[in-house]
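Given below, in the form of structure tokens, are the structures.
Look at the two complexes coming up: chain A is in both, with chain B in one and chain C in the other.
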Partner chain A sequence: MKLHFNAVRANRGDWSLAAQGTFCEGMHLVSGDVGSGKSTLALMIAGLFSPTVGSIVSDGISSKMISMQFPEYHVTGLTVAEECRSWGLDSDPILSGINLNHKRDVAPLTLSRGELKRLHLACVLAKKYDLLLLDEPFSSLDAREKERLCEILSQRTGGITILFTHEQTCFPQVDHIWEIQQGELFDRGEMPEALTRWMHAPTLIKKIISSGKILKNISPSDLQEAVCRT
Partner chain B sequence: MIVMSGLRCRNIRIDSLTIPHGITSVIGPNGSGKTSFLRLCSGITEPEAGEILIDCKKPRETDVGWVNEFPDKNILFSRVSDEIASCLRFSHRPCSEKDSAVLAIAETMDIMHLLDRTMRELSGGEKVLVALAAALVQRPKILVLDEYDSHLDETRCFQIEHILRSCAVPYVIRCTQQMETAARGDYLLYLEEGSLLYNGSPARVFASLCQTPFYPLSWRCEV
Partner chain C sequence: MQDVRMRIGTATLLTLVAFFSLPGAVGVFVWWLLFTTRFKEIKRIRMVSGTLLLVAAAAVMISWTGGDGLSYLVRMIAIILIGIWLYSEQEKGEFLHLGVWLFGNRTGFEIGMIAEMGIQMAESLAADLDRIHMAMTIKGQKWGVTTLVPAGLILVSDALIRAQGTAELMAVRGFYNGGSLCPKFSHKRSDLISGVAAIAVGFLVFIPVSEFLILYR
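For the complex of A and B:
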């Protein structure tokens, strides 16, 4: 499975984004500041936004899913249980897994934002997709849920998963890092070599690297392990 | 001081709490009542029982600035300068006073270049900055920020942190899911299921949370 960006450019007024490269199977992190074009890139890959020039070609990808930043955009059910069923899922195990069984009969839009994000991600991650796009999956989640999501994503196998985020501390284990800077998508390469090329790495990661510690990956446990290692 | 006593509203149950001057962060699991708590502090919601006094006045008798997690929800005008001036206009301040106040806050926050742009053109981070300017332009006594940082990158977070420190608002109350941000505040509240479990300095509250994921990762990874 592969996803090719062939001289892609998206223009919107004065703003533009250029992308070239290939996403192979594994967990990819696309980082970049707010407004850099992470969501636009995700929408282009999902086929919801057309590049102005160039093409995005899928190779061997038969199923894909995009999880948008705002979970409200995905809601179709009138109750929490119905929302699970709208994804073709049995609501009982899904809601037990995210501790929302007691809210099964309430309207999804009456949940707190973090609870709604939890529900949405549980539905998305319950299925396997060849290509999974997660746009800011950590926003609105509390610290416990962020850690839980990192563990689930770190265990994900098969297919291409692309994580678009400006999160600063909580990441799953990733295979490849990309970065959007000044209107261009840069391939920082495979882990762990990508870490030295990651220009806008979060302060904590930069600090650990500059202290001479060897970082194998960027999940919370990798960071702690690197710091504890002498 | 902000003094709360016998506070009851929806799932919020706080018997007694005093919040000092400075930046207070509110943290807790999703659904713990952080937004409900902020709405009470800002006077958007009134308590079902008990009271909140901000320097002896109720929130609705106090000048309050509010920044929503999604600034789009609060946008009233299409032009940035009009948006920032909105509360001054609604209080019928003279045009000259309004214009100079907008320029002053834009200069302080380094967003002069945004003044003539339309709100629609702005990025998410820029919208938060404009919402913050609109909240600060009337020099509120209390500034309430509801997860303003959940859609911001690190650079923008540090920029806003700097603005909050230099704006001289007596009380800033913000909820956040970034524990590093919470650690930089002066005072910290930890809510769970509507109850206040811990309050005090960040060092003291995080000491009680050291076995949980709420403990700042940067503190665990001291290098």
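For the complex of A and C:
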């Protein structure tokens, strides 16, 4: 299973984004500043935005899903339970898992942004996809929910998962790091070597590396283990 | 046409001219060809094509029941073209200026503000509809008659939530009624020419020019 970017360029007025490279199976982290083009890249891979030049070729990918940054963009059901069913899911286990059973009959858009994000992510992560694109999955989540999401994502096996985020505190275990800088997607490589080349690395990760400690990965438990190591 | 007062006056006159007679509709079409940027202005082609389809269907029905469907179609197309021109030339905030100019800082300000909010809401609804369509595509649902009803309900519910948010924000910021604004309008020389041309089209249709010429002879 592979995803190839062949000299892709997307233009929006004066702004542009160039991408070249191949995404193989595993967990990929695409980082970059706000407005750098992460969402555009995600939409291009999902086929919802066409590149101006170049092509994105998928190899062996039969199912894909995108989770957009704003959960309300996904709402098509009139109630919370109906929203679960619109994803082809049984509402009971989904709502029990995120403690929203008592709100099953309310309109999804009346939920708080955090609740709606929880509902949306529960629906997206309930199925297996060959290619899963998660655009800012941590936004609107509290610290506990972020950690829970990291655990779920770290346990994910098979397929290509691409995480587009500018998150600085909480990550799942990743296999590969990419970075968008000055309108271009850069391949920082496999973990853990990628960490030394990661320009947008969070301050804590940079400090751990500069103190001479070796990081295996960037999940909360990996960071904790590295910090506590003597 | 930069001046909203002239634009609305011109659009009202041309709409009446096109509606009341077939030669008027032809005159309006000629005016549209001469004084607008024509199809470059169309912002939302789907909305226009949908309206044209509805008008065409009504024209077919009129012809089928013995009426002059063709005349109706031509007149309505002329009106739609004027509507497209009016909408595409619209600038943010100008209805607020128009409202205050017409009815003053209290009633006029509120009418203008409601008009501005209405236009803003219409644009948000169009964007929301695109998003719902995209969400359905992502979920593998088909876009059709059965999905239109829930989509419409979501749109209305979203619009009401947004309106409530705006109302609360205004209340928090201390809005009570009316406002203070010094209305400003700008216009070019070409605005005057196109305005006079619209009046000329109106004269040609409503005043029996041919009879006047016969009498003169």
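Rule of thumb we're sticking to: the second predicted complex is superposed on the first by the 230 of 230 C-alpha atoms of A that agree within 3 Å, B and C clash if a C-alpha of one lies under 4 Å from a C-alpha of the other, contacts with A are read in each partner's own complex, and residues count from 1 in each chain.
The criterion applied here is as follows: a contact is a pair of C-beta atoms (placed from the backbone, for glycine too) under 8 Å apart; a residue touches a chain by one contact, two chains touch by 3 or more.
The structure displayed is predicted, hence computed values, not measured ones.
In the superposition on chain A, A:136 makes contact with chain B only, not with chain C. In the superposed pair of complexes, A:20 makes contact with neither chain B nor chain C. Of the two partner chains, chain B is the only one that A:35 touches; chain C does not reach it. When the two structures are aligned on the shared chain, A:154 is found in touch with neither chain B nor chain C. Of the two partner chains placed by the overlay, only chain B lies in contact with A:220; chain C stays clear of it. In the superposition on chain A, A:79 contacts neither chain B nor chain C. The partner that reaches more residues of chain A, of the two candidates chain B and chain C, is B. Touch criterion met: A:109 reaches chain C, while chain B stays clear of it. Within the complex, the chain A residues that touch chain C are 46, 48, 65-66, 72-78, 82, 86-88, 107, 109-110. Residue ranges on chain C touching chain A, taken from their complex, read 131-132, 134-141, 147, 150-151, 153-154, 157-158, 161. On chain A, the positions that touch chain B within their shared complex are 13, 32-35, 69, 111-115, 117-118, 136, 139-147, 166, 168-170, 200, 202-204, 207-208, 211, 213, 220, 223-224, 226-227.
Looking at the complex, you find that chain B touches chain A at residues 27-32, 35, 69, 121, 123-126, 147, 150-157, 177-180, 212-214, 216-218, 220-223.
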